[in-house]
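Look at the two complexes coming up: chain A is in both, with chain B in one and chain C in the other.
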Partner chain A sequence: MHREPLYTPRRDLVAKYPTYQDRRVARLPTLYWSIQKEDYAKDFPVILTTGRIVEYEGGGEETRSNAWLAQLAREMYIEINPADAADRGIRNGDKVEVLSPTGAKVFVKAMVTPRVAVGESFMPFHFAGVFEGKSLGPKYPEGTEPFVIGEAANTAMTYGYDVVTQIQETKATLCQIKKA
Partner chain B sequence: MRLSRKSEQVEVVEKQHLGLNRRQFLRSAGLATGGIAAASVLGMGMMRKAEAQTEFVPHDTPIEVKRTICSHCAVGCGVYAHVQDGVWTHQEPAFDHPFNAGGHCAKGASLREVGSGAKRVKYPMKLVNGKWKRISWETAINEVSERALKVRQESGPDSVYFMGSAKFSNEQAYLYRKFAAMWGTNNVDHSARICHSTTVAGVANTWGYGAQTNSINDMRNAKSMIFIGSNPTEAHPVAMQHILEGKERGAKVIVVDPRFTHTAAKCDEYIHIRSGTDIPFIYGLLWHIFDNGWQAQEFIDERVYGISRIQDACKNWTPEEVENVVGVPREQMYRTAKMLADNRPGTVVWCMGGTQHHIGNANTRAYCILQLALGNMGVVGGGTNIFRGHDNVQGATDFGLLNDTLPGYYGLKTGSWQHWCRVWDLDYDWVKGRFDQGTYLGQVPMNSTGIPCSRWHDGVLENKAELAQRDNVRMAFFWGQSVTTETRGQHVKEALEKMDTVVVVDPYPTIASILGNRTDGVYILPACTQFETYGSVSASNRSIQWRDKVIEPLFECKPDHETMYLLAQKFGFEKQLCKHIKVNGSEPLIEDITREFNRGMWTVGYTGQSPERLKMHQQNWGTFSIETLEAPGGPAKGETYGLPWPCWGTPEQKHPGTQILYRTDREVRNGGGTFRARYGVEHDGVNILAEGSYSKGSDIKDGYPEFTDKMLKQLGWWDDLTPEEKLAAEGRNWKTDLSGGIVRVAIAHGCSLMVMLKHVVSFGISQMISQCIVSRYIHRVVT
Partner chain C sequence: MAVMKFLCDTKRCIECNGCVTACSNSNSEALVWGIQRRRVVTLKEGEPGEASISVACMHCTDAPCMAVCPANCFYRTDDGIVLHNKATCIGCGYCFYACPFGAPQFPQKTSFGSRGKMDKCTYCAGGPVPDFSKEEVELYGANRIAEGKLPLCAEMCSTKALLAGDAEVISSIYRQRVAARSNPNVIWGYDPQTAADFK
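For the complex of A and B:
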């Protein structure tokens, strides 16, 4: 049985394919409908998904601290379709602001590529060490700051947990992208 | 030749008469793999160990070759680590290893960096007035344990959160779960929660075990492969050599993803779906499969229950509706369904793209249904090849490093606790007494699912009255896992600031140590990587591999099991924790931990893989076939590499491991098996045991329920047990009989060991049964 994502761009399908009612899962109250009923798509029209890149693993703390890998992937970025980029006056390599329905903002580089479809975007999830534009570099214990730091994709990722296992929804949410 | 090394033989580099050439210079300096570019980035810090001895490790220092396994994903690539005078000077991908056959990705090729540890945490630290201060291990353990005990006294054991890691070895993962149990909480979890938990739930509820059913090597035999939300080219690069081998042999490759990934670049058919529409996509394929009569009817009749409900549900997913919701046109859906139907057996691969959704568990069931309809289960070249992410996320899951189960998916019910208490040789009432004795919102902490690691921050921030435990989370151990992995970053930060104490145990100072604006109450304890200790690790395909210790712990780092023991001493339960585990100084003996879990893991068959058998496989990995994973000769003749679970019975029973689950064309004793039901033997009054389907050589020619002492007596097999086994088996079933007698006798009669295993969560089962197919597992009730 299909259920639309909590943050869906297809408001026209919500009535037919609604999510669950809010409920308690294990020890915690868990929200579903109370999020989906709000229309975020107007202000946040771009689908956002996340994933891996070959150079890093997981949260990336270990691999970004490895110079041989760090030199291969130096910067956090968002993939954005050429059409969406053109609409926003964004060129490949520009600094952009990714706005989340949670109110969070992350500042990353734009990778303008047809790899993602029009109206969709992608961020890798291995970066951390910058939080909403502010570097946390000086806060690391001396000599331990990874070679590469960047905004964490999850700073912008939104609410949503599987009804059985409480896995987090990191593959289908919404955002807005602006030139920074 | 170094590139084809097949033994551990020590090799002395021939003396150079004309001085060092460039390559030897770099190698001596510990920089050959990274090259010149890295040398300038890393600087002299790289040479710390070497400097302690002489300027460099002399080039002719004898080389010791250690066998280890990459720690960056669950493909499980073999690595030869060259060590000279205690310094990790060189590495080679193992050319004779059946998984990687000499392949490495960027991450694998860079492993040796951990041997220098430029950015590692080098000693214990605490945050004092906003500054990091070096402290001794003794101070660190004293202060951390005092703080934990204070929280325990004021708010109960559930207010301390134990985040674990998929970077633990099996032994460490098992010990950590036991450690949390001794502390008295189910607030223990790790990254399986946030990557494949919905797979474990969805798949186990469909056919019994929540794991990859075949193997990556077996994909060489597939005729079609469909990747849904999986991008192995980046996430599991070395798997691609098997995938592309399959493609060269004619397999059709289909990639389904919102993004045109690097894997899509290699496929025959790329399908763009809108994020979060996996179920309509699968039902859309099924619509065409049923419409054209492409389903595997004979397989369905024998082994599948409830397909008619699926057929009904498919009627809503007409090509027009699929195009509207998913965005895939009718012709492409038809073409794809036909490709899958014409090219059987085929395999389905999914990863985070399918699992990380608020309907993730339903997505994974949909993928399974597709495979059942096509009859692709239990066959070579078929199956659901679910690629796991971290190197030991399969093992850490199997060992119950989760908030909803004890090791082996036994669950959290009283009977489950009693089973493990018997394995641990501990009094159940003592263990029970460690837990909060209250009831909160109808839940008893010892028997209720803890707070998931995806939402530990909600455990901190949520209104106390809304929590089904005594108080909020006030202190957390972030042991090997980064909080980068939790969504809603602003809340994560707030929770880090609100807690009394944050403890990071890691080789690196993960973001939990610095994200919150704190000036005090943060501790960082330096942990060893898996290259500074040894033990077993479970690859994605359920093979269990033994790792050598490559180097001694760097700096002041300690292996995780030792840190657990040091804390247990302060918490006052180290004797119970290690009752049957030898402790050297403060380090529990790894092999004893392996033997202990061997004694308890009857559900999934982690009982036959003794340290001795695993080490024998490790030493002989070159003898296993890349095609079949079986050894045609040598000491492991007839066994499957890494004894993939289920490896039934005791080590002495020599089960060869099971590469392909639910395979009925082989005897159970030879790696065959059957589906396992998790809903009893009937549903709505209908028998859901298999009909006329059984594994080769089975004395029972139909479905059968779980083996118990009573069933053996009814079958007249009771006297096959030895007198000692009879004593142990009385009143037990195959998953609780610690002698292994019931298992031995059932297998001798060609039967597989069915269990009602723990389910990942108890709520939601009724809802699942109405939605999904329940595979019929073997057999008829025997009277």
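For the complex of A and C:
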């Protein structure tokens, strides 16, 4: 059965498909309704999801350390629909700030593309090595820094856990995008 | 005599960049980071009618690069493969202006903006130096043709979109595909359209 994500712009669907009450999963207190009952969509109107790009695998640490793959995808980005980009004065290739309802923000490049619908955005989850605009490159052991580092998409993903397996929410949240 | 060509079936290309990576793999000794002899170009990205095509040197029969080169560094092999001699290349860039596919690359950045020697797809056929010599590997990359193999990009293409081989053979493969798709109007991924179609 469908349950609406904790962070959603569809309050009508929250009424129809509410999430669980806050509960303990094993010994871990886990929040559900106390997050969903707040309407974050006014300040964070854009739906954000994450996914794969063809060049990298998983967290990307191995594939970003492979020169032949790393040269094909050198920068972390967020896909934004041209309409949303125009509202925010964002042009293709601009640096943008992606703000999450949790207070986290990531600094990435904008890819303005009709591939995502109006009101939606997408980030690839293969990047790491930059945290909220600050490079973690010097923290890698000598010689192990991948060719390409970037903001981790999951920094901007939000609270939320599966009720059975406690797998974290990485696919559906809200964000606001600003020109950086 | 065979005439070796590439043909990319845009109905099959899934923009996986496998050909680009295969090329980097095959010719790694001759390439520097960030230089790709082959690339995948996607048109109408995110819109209906999106199509991708893998492009490198097309080994033209009447090659414009060969026509404009002032140093005469291009030559055509018996298999119709267009190769060039890095020893005589002067890095003028005329071939880059002439090439309709953007195949010539200029990897070296030196002072006064001089380009350095041109580098392009060799159809995995090496260069004018002895086959399999250290010099050939370092300047031109692999010589799979001399091993009796096709270029690695086409060999590795997961959807068999990128075909390499004798023009007769690959065009008959492509013709069969078009016939099976029963959509003869679609060539290179496009429905031919005029401005009136967009109204």
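Of note:
We adopt the following convention: the second predicted complex is superposed on the first by the 180 of 180 C-alpha atoms of A that agree within 3 Å, B and C clash if a C-alpha of one lies under 4 Å from a C-alpha of the other, contacts with A are read in each partner's own complex, and residues count from 1 in each chain.
Here is the rule we use: a residue touches a chain if its C-beta (ideal position, glycine included) is under 8 Å from a C-beta of that chain, and two chains touch if they have at least 3 such contacts.
The structure presented is a predicted model; accordingly, all values stated were derived computationally and were not measured.
Of the two partner chains placed by the overlay, neither chain B nor chain C lies in contact with A:Ala15. Of the two partner chains, chain B and chain C are each touched by A:Arg115. Look at A:Trp68: by the touch rule set out above, it reaches both chain B and chain C.
Applying the stated contact rule after C-alpha superposition, one finds that A:Gly129 touches chain B and leaves chain C untouched.
Contacts of A:Val54 after superposition: both chain B and chain C are touched. In the superposition on chain A, the residues of chain A touched by chain B in one structure and by chain C in the other are 54-55, 67-69, 71-72, 114-116, 147. On chain A, the positions that touch chain C within their shared complex are 54-55, 67-69, 71-72, 113-116, 147. Note for the complex: chain B touches chain A at residues 33-34, 37-38, 41-42, 72-73, 105-107, 109-110, 113-114, 118-122, 125, 132, 191, 193-195, 197-198, 200-201, 229, 231, 233-235, 237, 258-261, 272, 274-277, 279-280, 283, 313, 325, 352-353, 355-362, 389-390, 403-404, 440-441, 443, 448-452, 454-455, 458-459, 462, 466-469, 481-490, 492-493, 506-511, 513-515, 524, 760-761, 763-764, 768, 771. Residues 15-17, 20-21, 24-25, 28, 33-34, 36, 45-47 of chain C are the ones touching chain A in the complex.
By the touch criterion stated above, chain A contacts chain B in their complex at residues 1-6, 8, 10, 13, 17, 19, 24-29, 32, 47, 49, 51-63, 65-72, 79, 102-104, 114-117, 120, 122, 125-129, 131-132, 136, 139-147, 152, 154-172.
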